[in-house]
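Quick one: the structure is below, and I'll ask about it shortly.
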């Protein structure tokens, strides 16, 4: 039996396989290492960083929902300076491709972050989060207005020599319009989806469960929406896609590949099963083998035909 | 470490109406665990996969036997997660992450006061055992709703340790009538204990731990607190379980209950903020 | 113990209690009668009708997802003429308030339907579905563009003397903007949410499960999104809200009331438990009684303060 | 009717590897049910509520005993829903809606041919019983993968009825090697049966039922078909289970498998469209 070729090309980055992990769910790459060897992953995406350190939102920050998870972490992060000093030297040693994730409240924020993160940082790519729904001021704007999205992506693109991944918010009327805007801005890859804005109410205390009222919904509950958006964007825009949103099992991952994702990213799934990436990798490999698929890339978008 | 723990014993702890359970598992976690650490256990009641409920549940290690490779979890049935957990049968295998977090540290010498509120008693037992094994003097203050709770939640095992125990109940059905902080405060006030080297460890409702911390710090008694927060990853990767602390420089920082805690120095905790 | 006042006022309509059922999930009111007495309901909403009969989409039309359901029924309905002839005489006899639900592909469609349905029809209100995601041409447009939404609602309002309920789609960037547009158009009540657009892929056949590719996601999975939208609209727009999306238990229903819904509507929940409306009613009543709440209306929006 | 059925017997049907199960329940459904009707059963494996999986599963009534108030469900473990169902224990109570839909109708006289494909055999047994009780001649054609399947899926019970049976298997391990439609077609061709009054009822894969219908109609044999479609409400309220039919006027209409069916007149079904 021939081995299945798992290597995955994403706009010049070569991943050993199509499995990556989602920003904000995988810390800075070391936390899950005892559960899932980092060198078995195609890549990891780091927690989103901002120019200045952020304490994030008050707790409770999490709420469980039917087959889902609400979070209102609110972009807690050490800030750019501390990231460069303390985290970057460690993450660049990790035996996998490392994608940084950046967030900002203004165009200047994004540019400042992008300028500080170039190819010589050892990072593989820059994922631009224009979609975090938790930050009240500004964050949402870039992710829901095509004009602003184009502007911020092209500013980032101009500021760094790293490949640029635009991470899209699902909280929009027209995901394809957002994807096209990111493409016009020069994005090399699209990453979708971020979380859906949701909330939960504590009926005993008669107030929202999350201290921040709203949070981002992730996990299996949102998988049908994520898959639909990957499908739509694949059909309309000629850029590679990192698909995410509710992937826990290998079957979920195969759905995303067939819908048009070149790589798949695991977020909340890690909380359910810290070995989910490993099991997904194994499952995808077996699926290819059983069907005589020589390269995992051959699955991408197959359900469209 | 992700391993399967095999259920060896699973039974009501005390009165059925207290909804407390004792769950003993054969688990490699036992060989590495310390008092104050916890496990994140998958709650599922069926061999058939389901994503509702989705998340693992953090439960403290209430008993650690490295010789027998056994851990004990004590819990109260509160919601759907623990209701499902309660249905595990002897022989079942539960997926567990752990040992997780940083547990209690023991003082080098002197007297260790354990101050518990309600089911906050559970992680303190292995701490008492370890402290006594190291020759420390241990004293327990334990407050709860009423006598049936205390008797159900393990009073006899504590009494078997032969240590001084001060009980409080809200309804006065056993020990002091009122809050656990009152006997703690009273003893701290007493002249004779002033000279001793005392340190404290507390676990219970947040408000109670805050009051305990304030009492202790007012008497220069160092106090460790075991905090609770809702958890996503349980390994420090998601920042769901943040707690606000004041670090050495006086700056407000966030730490993670799951990774940096659940045990923190009481003096560092910023109590009046949710985060 | 004083009885709890369950009567619910919705823009001039008096419901005996705040429990209604969702359009498209409750047929024409008789199908579930053996399971849940119609006279125990505050109201029912009929399957959406269009001017002409529609066969709807090909099967499979349904797919189960984690805690959710995808449907692509595609507005199958007997058409206005047959509705007036065969269905209306029966539904107007039902011992509860009956809300008709209308859909169209043009402004004229909506006006035609609205003109045919006046107070003398015996109906309690007209729910205007500007949000059905299943129809490829037109349907979506009214539901995602505030200008068109305003236009269609005001045309309907002008054409009928029945109270007008605008049913909003969640597939938008800004639900509040849509709610405001409906208000400007003269809507008496807002109804939210309709389904989220989603899809599922059959990894064995390597093609979408639904013959129509996309379908609307309903059920517990979408509850956090629905609740958030009800919350946002309640905070911003001064119109009564019928809240729906994933309500199965009485606790779910109480969450919606506390978020600001004046009435709650059960859709997919009926499929899970055909007595869900009864159990929800009982649960809400007990909740009020135990908390000394005299009237269910006192719960509405309580979690905002 | 929404009632709870109590599990009286639940066991593998035949060889374990066929993944077939026999589930007998005490249920008031029995007193009202007819051959061809079905129940929508909630699949849950735990006392603790979960919304994943969400929907009930439609299962045909494969045995109806109104005297004993018992119904029998026969099913194959195919996905998560039936896997969960398979875990029901004797004594458990399952939430069931039913009897649902419109079953088979019996001809007034003559010979009734039952034509089954695979597990499509299950709803036909109570029909055979009823037909024989009314003095009709019954003949079975049954096609499947192989002999172990046929023997597992109830061949002996059918043989016990003492009716003529024509078996087909794809691998030739029992009866005719090939499709069930072949023996049906052959017998229809035969001169001698031409004079008889024959009607047919079929259940199985869609393609097979289509072929059966075409064969029968070519010989003026009226045929009832039992269709399957994914269901939401199971009572006619959601239009999830539509099937395209040609009505008397020749117009294409949609009917609901759950309410108007699952049994339809073969001549009305529009086979070449999914809907």
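All chains are identified by letter, namely A, B, C and D, in their written order; residue positions are counted from 1 within each chain.
As a convention for this text, a residue touches a chain if its C-beta (ideal position, glycine included) is under 8 Å from a C-beta of that chain, and two chains touch if they have at least 3 such contacts.
Predicted, not measured: the structure shown is a model, and the values here were computed from it.
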item: Intersection of the contact lists for chain B and chain C; value: A, D
item: Farthest-lying chain, centroid of Cα atoms versus that of chain C; value: B
item: Where chain A and chain B are represented by their mean Cα positions, the distance between them in whole Å; value: 36
item: Distance between the centres, which are taken as Cα means, of chain D and chain B, whole angstrom; value: 57
item: Length of the line joining the C-alpha centres of chain A and chain D, rounded to whole Å; value: 47
item: Residues of chain A whose C-beta touches two or more other chains; value: 65-68, 219-221
item: Multi-chain contact residues (two or more partners), chain B; value: 49, 51-53
item: Chain-level touch network, classified as line, ring, star, complete or other; value: complete
item: Chain B partner contacts - residues on chain D that touch it in the complex; value: 45-53, 80, 83-84, 87
item: Residues on chain D engaged by chain C in the complex (per definition of touch); value: 1-2, 42, 49, 51-56, 95, 97, 229-244, 252-254, 259, 273-275
item: Footprint of chain C on chain A - complex, ascending; value: 65-68, 70, 144, 171-174, 196-201, 203, 206-208, 213-215, 217, 219-225, 227-228, 231, 246, 251, 254-255, 258-259, 287, 302-303
item: In the complex, chain D residues that touch chain A; value: 51-52
item: Residue numbers on chain A that touch chain D, as the complex places them; value: 66-67, 220
